[in-house]
Each structure stands twice: as C-alpha cells, then as structure tokens.
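First chain A sits with chain B, and in the next complex the same chain sits with chain C.
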Partner chain A sequence: MASKLTLSNRTGWTFALPGFALIVIFVVLPFFFAIGLSLTNQRLLSPNPTQFVGVENYRQLLGLAVVTLEPERDDAGEVVRNEAGEIQYPRLRKITRSNDYPQYRGMREWFRWQSGENVTVVIASDVVFMKALVNTFLFVLVVAPVQAGLALVLSLLINQKLRGINVFRTIYFMPVVVSIVVVSLLWRFIYDGQNGLLNSILHGLTFGLFQPVDWLGNPSTALPAIMAMSIWQAVGFHMVIWLAGLQTISPTLYEAAAIEGASKWQTFRYVTWPGLRNTAVLVLIVITMQGFALFAQIDVMTNGGPRDSTQTLVFQAVERGYGKQDISGGSTISVILFVIVLTISLIQRWLTRER
Partner chain B sequence: MAEVSFKGVKKSYGRVDVVKGVDIHINDGEFVVFIGPSGCGKSTLLRMIAGLEDITEGTLEIGGRVVNELQPKERGVAMVFQSYAIFPHMTVRENMAFGLTIAGASKPEKEQKVAEAARILQMEHLLDRRPSQLSGGQRQRVAIGRAITRKPAVFLFDEPLSNLDAALRMDMRMEIGRLRRQLGATMIYVTHDQVEAMTLADRIVVLKDGEVMQIGAPMELYHEPANRFVAGFLGAPSMNFLIVDILDLDGEAATVGNQSLEPIRVATRSRPFRKGGKAILGIRPQYLREAPSGKGMLHGTVALAERLGSETVVDLMLRDDRELIAAFDEDKIFEPGDALELIFDTALAHLFPEDG
Partner chain C sequence: MVINPDNYGLRLFVRYLVLCLIALIFIFPLVFMINSSFKPDSQLLADTSSLRAFLPVGDISLDNYFGAFQRAPVGLFVFNSVLVTGMTVVLSLLICSLAAFSFTFLRWKGRDVMLSIVIATLIIPFEIIAIPLLLLVSKLPWIGLNGLELGWLNTYRVQIIPWIADGLTIFLFVQYFKGLPGELIEASRVEGASWWQVYYRVVMPLSGPVLATAAILKFLVMYNQYLWPLIVVQQENHRPVMVGLGYFFQLNVAWGEVMAYLTLITVPVLIFYLFLQRAFIASIASTGVKG
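Up next is the complex of A and B:
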C-alpha cells in the first residue's frame, strides 16, 4: 500500500506539489529556521559573521534568580531606618554588578516582597520578556474562560426558533468579519482618556460622578481593556462553534428530559453540557492558541506600554526580530512560545481524553 | 392510574390539518395501540398526550383532568422513543435513574427502584455500561427502564421496536406484553406493525389521514372491519377486493357476481347498496380454498406461486384480468398458467360500498 501511494501515484503527487511546496516554504522551513537561528547570534543586517552560541539566547531570556537582602545595620547592629521609619536595604546593584556574584551579572529587579525584616527580590536577566510572559498567560487565563462562557451563553440564546433570530446571529457575528486592526483602531477611540465613548457613557450613566480614565494609558487598566475588547471581538466566532455543537444534540434527548421533568437548568446540566464536551475542547484550544498569539491589538493600541504592562510574547518576538533587528532573539521567543503551546495542548488532550 | 380521553382533538401546522377531530377514550390500565400508515398522525397524537405538541382544538384529559395547558412533567406520563433517546454520556444505571435524579430522590431509593426495574427487564448485568456498549435491543430496554422507574400512570411508546431486527423485535414484543401484565398501567403504543398491534393490544385505534377509522379489539377489527380501509390494512397478505355487480338486494343480504365470480349472497351489514349498482367484495386470502373443477365460485389462472413452507401464496389472474391472492395453509405445487377454481365461505366475505 505504501509503495502504491508514494511511487505509482505520480499524477496525484504532481497535483499535490504546489500546495506541498508552499507548506514547506512557509511553514516547515521557517519552523526549523527559527529553531536553528535561536541557537546563533544572527541579526537582521549585520557586518559580523553569524556565530553559534548554543543556548545562550535561552539563558539570556529565561535567566531568573532570587536574592534576599538583609537590612542595613549600623555599627551597633541596629537596623537602619530612614526618617519615615522604613527599613533601609543595600542597593541591588551591589549584587548584580559585583564581581563576587558573576551569576547575577546584568540581571535586573523584576519584583520584590517583604518577608520579616528581610526583603526577597526576584531578578531576571530579561525583565521585559518576563512581563510579556506573565501578561500572555494572564490574558489567556482570563480570556479563555470568559470568552468561551460568554460565547456559550450567546449560542444558547440564539439557538431558539424565534422570528428574526438570524438578525441576532448576524449582529453577534459581525465583529468577527471585521479586520482586527480596524477593530483595534475603533476601540482606541472608545478607550480614549479624554472624550472616548466608554468614558462618556460611564460619565452619563453615573450622572457625572465618574472620573474619566485613560484606559490604555494606565498600567493597571491597559491589559484588562485589551482583554475586554478581544473577548468582544471574537466571541461571535466561538458562539458559532458552540451553536454547531448544540445542533448536533438530538432534539429527542431534550424531549425525553422534558418528559422526565427536568428544569431548564437540569436540562442544561444533564443534556446540553455533556453533549458539548467535544465542542468545549475545541473552543478552549482555539481560544488558547489565539490568546497566545496576541499581537495586532497590542501593536495598534498600546505598543506594549504603558510601562510594559501590555507586553506579550508575540509582540516581543516581532519587536526584537524586526524592531531591534535581533533575529535570533525573536526566534528564541518563538520557540519558547511553541513549547508552551505544545505543552498546553498536550495537557488539554490528556485531560479530555476518552476514558 | 389514569384514563386518557381525546375530545374533538385537532392539530394543525399552519394551514395543514394533521389531526382532524379525534375522539378516543382509553380506560385505566388499558393497552391501546394506534396504528395506521406513515404520516397519518399517530406520533402527533402520542406527542400531544406527552405534552410535546400543542393541541390546536378540543380537550385532552388524563385521569379526568384537562391537561391541554400542562407541561410534560406535570402530566405523569413516561415515553419511550423510536430512537431510544437515552443519554449517551450516562451509564445504564444513571439513565434509568434519571427521572428520580431530576425529582431529587435519595440514593437508596434510586438504587432500589433501578434494581427493581433492572430485574423486571433482566438487565442487572448491564447497569454499569454506557449506551455505546449496548445492542439496539438493550438500549431500548434502558429506555423502557427509565420509563418504569418513575412509576408513571401512563406509558407512551412511539414505535419502540422498529429499529430492531425481526428476531429481537419478537423478543421485545413479548417482553412488553409481560411488562404490561406486571405493571398494569395505562399504555398507549404507536406502531405500523400489525403483528405488534394484534398481539399486544386490548383495543386498536386505526388511523388514516388524521382521522379515526375504527376502534375495537383486535379480532373485532379483523373479523368485522368497519370499512374497506381497515379491512385492507389488517391481515397479511391483505384482503382481496373485487369489484362486483349487485344483481339482487333484499333486507340483509345482496346477491353479487361478475365475470369471474358466480353469483353469491353476502350480508350487507346494513351498509347502503343499490340494485344494479357496483360494490366491493372483500375476501381474505386465507379464506379461499381450492375447489374441484366445475364447482368453484371464482375462476382464474395461476400467475405466480410462492411456497413459504407453512403456506403457499398464489397470485391469480381472474377472468376479468384482475388480480387475486390466495393463501393455502399447506405446501403445494402450482404451475403458472394452471387454471384454478376457488370457493369460500360467503359468511366470511364483506361487502363495501364502492366509495368506502
């Protein structure tokens, strides 16, 4: 059989060739290129020859350490405090620039917390990457359940025999067919700090009590704002997938449940939800993948700011590869992203396997 | 326990009338079968009892209570569907206990009722399986089990056996008969299989195009069909219908005949006929017997003979080029082209007006 498929089917292979070639050129080769380049110091345009650097790029990105700072003490051994009574600690630089600790060289503070008198500092060799990593995970962790849940609610609402239900289906689906770049531009106006639509509405609804917020300019609201907008944009797409799943459930099962006396909620719990298991897996995997690939919204709306609060992995990969012409750095981020997504997919597959 | 009563019930989808005014009274504990050709509205009637279809006109009573506006769960009925409609992700046990789970029954109560149902249906060994690991007959038994655990007053069956093969259908038919004697609840059963109808029913309701053709005990319908439709619908092979001339007419009987039929006297059963007009003579294939040459009432030639072992079914061509089927209860050889004369007991023949 194998020989028949691979050898004697010339015509078939000839037909498959163009598509095959495209896949190889644009998917397979770049994939291996990325892995290869991530092990070098390749730059986009550089007079210097490319060198193999091993896992240096990975070390540079993932380097992480925890240091504990003890309070400064005076000669009597007393903890030194400033006028406000706060305990004084030695500068972190004393460690990261000291020759006594070559392993911490070049690292910067990511975040710190107080434990007793001491303070524990997490330092990273690439703090921006770490923030991008955390933001991306945060984005997926919030968007995946909220978007999937909202899409499910919408699909339940529109899965009814009502006059004009298609109008609603169309309305909910509309944002999906608009380019994400256009949507992002529009939402920049909605989120505008001065007279954006959102501020105006909140202002109106609270009779002027609400103080305008610069949604995208404030580190604490920028990422949630992008999450909300992303959820809104693609919820219609997942609604349609749920709807397709809903329609595979046999109507007689609902009739049987009705005769057995099931309430609306019981019907959902015992008939609808179990019937949507495969759809749920699909929806969650798709949202997770899309979430990890978050880029366009960031690029259009915040450029990763303010203060790196909306950095994401893909945005960093592009920013490094093309913005800073650091192709090897961008490739390394891509490979790390690939490993993360692969791991999560395998975990999801394992969790939802047929038992 | 409950009686079910249709009073002038109609059902329309938009302008299409599907059920056209039906009056049926079903007694408590009775087993009634709805039978009729495809699309005659059997399922619609059943679904109206269950509360899955609205009633357009008329009233439906269950246990003396008008239920037109009640939700399915308020009617105290259980239904078994043709497609089983058991929940694929639940075990047999969970499926059978579903109604109890919904009602919030305690665990021991569920255990005990499921065990009882499983014993009645002889499926104790299957309780922990999932529906995908069951055969068609076993799935249907699960569906029946789900219906009986709740002890409803009325059981509804919509062609429960039609997805099963012939042998299994017979087993399940007997099982349903046994179940019926054990439970003693009112049962309404839809089928288009007349063997099921004849063997299971206390009374059969024959339907056609949304109207009741006849209601009665199986043998009553078989021996005394009210009209040509019922006569032709019950019995296999189905009744022969011959167009005959009415030669003479007196109080209770008519003398009829045609080219291939010697004049015979047949009871009119107070149906209206006109001397000199035409009528339809109905005679079941099983009542025809071979006659010695020159003594037959019907004359024809053999067109085709099918030997089934226990009986021989002969397709005859009559003198007036009409077909007739005769079934002889013995294995016998007929050659196509043989002339054949037949006689029958005229008391077993039926005479119907030409238009019905």
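Up next is the complex of A and C:
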C-alpha cells in the first residue's frame, strides 16, 4: 500500500500530533518525572532548592532488618521475668537509637516472634509502608482469583439461552456504572457495627445467634470487608469480558462435543476453557492492575485504619505526595508500584503463554 | 425436597431462582440508597435492622433533597461534572480518532514508533503518575484572559486537558479502522478528496459503534473521577460531584441528605445506562479484544 495515495508525512504528523503530544505531556513525561523525582527531595512547595539524594528515598521505604533479642539476665545469669512470669527483653530502642548500630538507626518494630528463649524482631525503616505493601499484595492475591472466578461463573450463567436473560445481565453489570465513591459510602452502611445491614441480615438468618461485628472498625475484618465490596462492584465488568470471550468460541465445537457425548464438565474443560485462554490473561492483568491501584475505597471507608490494617500503596503515595506535599516520597512509592505491576503482568503473560 | 432432574419445569424454576437471588445481591445497596433518601434520619437508621430498609415506608418526604441543596451547592457540582465530562468526551473523540486515522491510513516517518509509545502507555495506571503529574500541572503555564499565568490548580482545564488523549481510546479507534474497507479510502483519494475530507466524510460516518464505545468509556471514567479532582481542585467553585460529597461530612452528618445526594448523582447515570445498556456492555466487551 506504499502508493502516493497513502504517503503523506505532513498530514500524518498534523493529524497524530495533538493526541500524541497530550499523551507525551500528561502520561509519558510524568512517568519519567516519577523516576527522576524519586531520586530527589522534591516537595510541592518549598523554599529550599531541590537536591539529588540518590537512592535515599528507596532506602527509607524498603529498609528492613532482623534482630534477635536475648532475654535480660540478672547478675547470677538467670533470665529476668516479670510478675506474670513473662521473659523480659531489652528494649528495642537500645538498638535502634544506639550509636553502636548506625545501620538500624530510626527503624521501628514491624512484628516479632518467639524462638526458644530469644525473640526475633523484624524492624523496618517505614513500618506503615511495609503494611501497605503487604495489604496491597493480599488484596490482589485474594481479589484476582476470586473475582475472575466468580465473573466466569456469572458469564456462564448469563450465556444460557433463557427468556429474559438480558435483564439479569443488565442487573449484574449495574454496579460497574456506579461510582466507586458512591458504592463505598453505601457499603459503610452495610458494614456498620451497630445497625449495619450485614449484621441485621446475619442476625436474622441465624435467628439471633450471630453477634454483631464492626466490620470496618476491626483490624482483622476491615481489609476482607473491602475486598468483598470491591469484588461485588467490579465482577460485572469482568463477567462481560468473559462473555465476549465465550461468544468467540465456535458453536460447531460444542456440537462436536455433544455428538461425542461429553459431559458438562468435559465440555467446559476441553472446549470452553481452551477457547478462553487469551481472555483469562486479559482478565487477570486488568484485575491485577485495578487491585494495585486500590485507593477510593480506602479513602472513603477507612482512611487506612484501623491500626493501618487497610493501608495501601496508592493511599500511601497520595497521603505523602499530596497530604504531606512530599512529592519525592509519593513518587518513590509510585515507581515501586510500577515495577511490581510490570513484573506481575509479565509473569502472568509468561505463565499463560501459548504452549 | 427431591429434585427430579427430568422435570423440565422445575429445573427452569431453579435456574430462574438462582439468577434472581444473584440479582438481589447486586441490586440491594441501590434499592436501600433510593428508599433511604426519602426517610428522616431517625427512621433511616432504625429501619436498617429490618426489611423496611428496602421499602419506601413510614415518613416519606422530599425533605432530604431540599436539605441537600441547602447544605451544599449541589447544582454547581453537577454543572462542573457535566461540563468537565462533556468537554473531555467531545475533545477526546475528535483528537483520538484523528490520531488513530493517521496511524491506520497514512504512511509517514516515525509513525510506528509513535504508535508503539501510545500502546506502551496502556500499562501505566493513572495512580502511578498522579503525584508527579500534580507537580507538573502546578507549574504549567497558561495564556488566558488575564495574560500569562502559571499553575493549573483549581481550574476546569486541569480536569479536562490531561484526560483528552489516552492509549486505550486511540487503540480502540485503530482496531476499528483496521476493519474498514481500505478500497473505500483509496477510491475517495483517487476522486481527489483531501485527507481531512476522507476523515470527515468517509470514515467518521462509518464509525458509529466505535464512537459510542469510546464515548461511554470516557464518560464513565470522567463522571466518576475522584482521585484527580481531589488533589488538584481545592476550591468549591470547580469541584465535581464525587469530591463535593465531602461537604456532607463536615460537622454533623445527616445521612438522609447524604442518601439524597448519592441518589441525585447516581440515578441519572443508571437511567442513561438502562436505556443504552446494550451499548454500555458492548463497550466494555470491546476492551477485551486487546488480549
């Protein structure tokens, strides 16, 4: 097609330039800014000049160490115990504030466990960031398979030839068009500890046996509650993508399977599932990317609490970059996030590659 | 109860029952929202302990709606959202389709590199660039009625311009244009049509489906925008609806008014969706082609 009719440098540039320039200025440039800023101490508004600080921001976020504390001993070498009989250990700050251990300076306890008489403590430069990192991974690890699986089940249900099936498709998809901010606020009512809808429903279903739970106020239920709500909101989106995949599978394959006398499970396993391979990759990558971007739910429902149990990477990036005007700190988290998302997308692509 | 697998009627009934129960799960928060918006606070909170939460019963009135308008400049927030969403959708359709037209039908130096860069941006979630972009827009110049000014914060343009062009929209147009008959474009060129005329008179009239898809996706993103306006718009006169919600959580929270506001900003979108549900679902489905 390299005829004169299609060759035109000037028109080509003119037509493509507005769109391309906007993408470069507002996507590509900020992306490289993020990398550059993460190596500085840039703030949103600051009287002091910006300085290059190398990998200091990354060290501040990712610094981790493991220290072992031995029990306190009295002069006779006996382990010191308190009145309750618990072994007494030296205080952690003797290490983190001591000049003998400059590498641990400023670190704080993340978690600890007992091993024999000693106790092992994991200390981190930034405990909140570590919690955010773990929570974000937990969120994706739970939401990606559960949401993708439920969406597939729904798409199979919706793919039946039944009168009025479109009505159900329309309803299942409905939460997708509602803002996540609105959804999060509504679910605050559902999860409320005193007269929340969920507690009322569980109370009714168990004939009063169920004890009310403050779903968002309890560190062990807050993140699972947000996971459940997020799955509810977006499952219709992925149902539609699965459905599009289902409809690309040729009906003749199903006819062949029926002639061979395949069971429902066999038909799914050998006809449907192989035909959905590309869709599966897409669904998983999209859910993973959406999962790592978790922000609005947290901002509306918990603000990262209770006790940092719902902190996430994006929430931390925004809290620092915008809330504390620490642009470099927020950018550093963004870059770490990007590396994670990219790595996981590549792994998913590789794992589900054509063999 | 024993289910006879050969009983067609019963099986059909069970199928519909399952479908209906699932439908209830997806619809109950919205039913609760709409019904609660008509109830006074005391009743709203008391009703959550029973099925009355989902029924328009008791002391029903429009008071919450009047209250919401008194508490916050609701009209202004809706106007801001409609303006920002409308402008972005229109500009996005024009600029992205032009770029995709050029990428698909024209041959020019640097085209493939440019297209690769555009496609590569698909793996950058907005949340990753939000913070550096905040710094960037706080320093960008603008020539307006008052001459040269610095900084885009607290404006409409900061909510519109960064969102006009995006990799996904351009990609959707390119995919669609590739499916159009190339001979048609060649023929129009032979007859002496300029490239602009080919775009405007030949390609655009054939692009109804992809225009609808791109418009719906952009509409959903823009109307439901939260993080970006939260950090770039601090003054109420440019705030969109989702950020305006913060108004209802200052001082004492009147839940009935919150529900009225949520209903006001959600139900129009739901009605729009119900009318165009086929197009909405098709637009999400078409993003699935990129696998």
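What we mean here is this: the second predicted complex is superposed on the first by the 347 of 355 C-alpha atoms of A that agree within 3 Å, B and C clash if a C-alpha of one lies under 4 Å from a C-alpha of the other, contacts with A are read in each partner's own complex, and residues count from 1 in each chain.
In this text, a contact is a pair of C-beta atoms (placed from the backbone, for glycine too) under 8 Å apart; a residue touches a chain by one contact, two chains touch by 3 or more.
What you see is a predicted model, and the numbers here were worked out from it, not measured in a lab.
Superposition of the two complexes onto chain A shows chain B and chain C fitting side by side, with no clash. Legend: residue contacts after superposition of the two complexes on their common chain; A:Phe338 is shown touching chain C, with no touch to chain B.
Comparing chain B with chain C, the partner in contact with more residues of chain A is C. In the superposed model, A:Leu223 lies in contact with neither chain B nor chain C. With both structures placed on the common chain, the touch criterion links A:Ile259 to chain B but leaves chain C unconnected. When both complexes are overlaid on chain A, the residue A:Ala296 reaches chain C alone and has no touch with chain B. Contacts of A:Ser250 after superposition: chain B is touched, whereas chain C is not reached. In the superposed model, A:Val271 lies in contact with chain B only, and not with chain C. When both complexes are overlaid on chain A, the residue A:Pro175 reaches chain C alone and has no touch with chain B. Between chain B and chain C, the shortest distance over C-alpha atoms in the superposed arrangement works out to 11 Å.
Counting contacts by the rule stated earlier, no residue of chain A appears in both its interface with chain B and its interface with chain C. Remark: chain C residues 12, 15-16, 18-19, 22-23, 25-30, 32-33, 45-46, 48-50, 53, 95-96, 98-103, 105-111, 114, 117-118, 121, 123-136, 138, 161-162, 164-167, 170, 182, 186, 189-190, 195, 199, 220, 223-224, 226-227, 230-231, 242, 245, 255, 258, 262, 265-266, 269-270, 273-274, 277, 280-281, 284-291 touch chain A in the complex. Across the interface of their complex, chain C is touched by residues 1-3, 5-13, 15-16, 18-20, 22-31, 33-34, 37, 42, 44, 154, 157, 160, 162, 165-166, 168-183, 185-187, 189-190, 192, 195-197, 200, 203, 232, 236-237, 240-241, 243-245, 278-279, 281-282, 289, 292-293, 295-296, 299, 314, 317-318, 321-322, 327, 330-331, 334-335, 337-338, 341-342, 345 of chain A.
For chain B in complex with chain A, the touching residues are 50-52, 71-73, 77-79, 81, 83, 85-90, 98-99, 101-103, 146, 150. Looking at the complex, you find that chain A touches chain B at residues 250, 252-253, 255-263, 266, 270-271, 274-275, 277.
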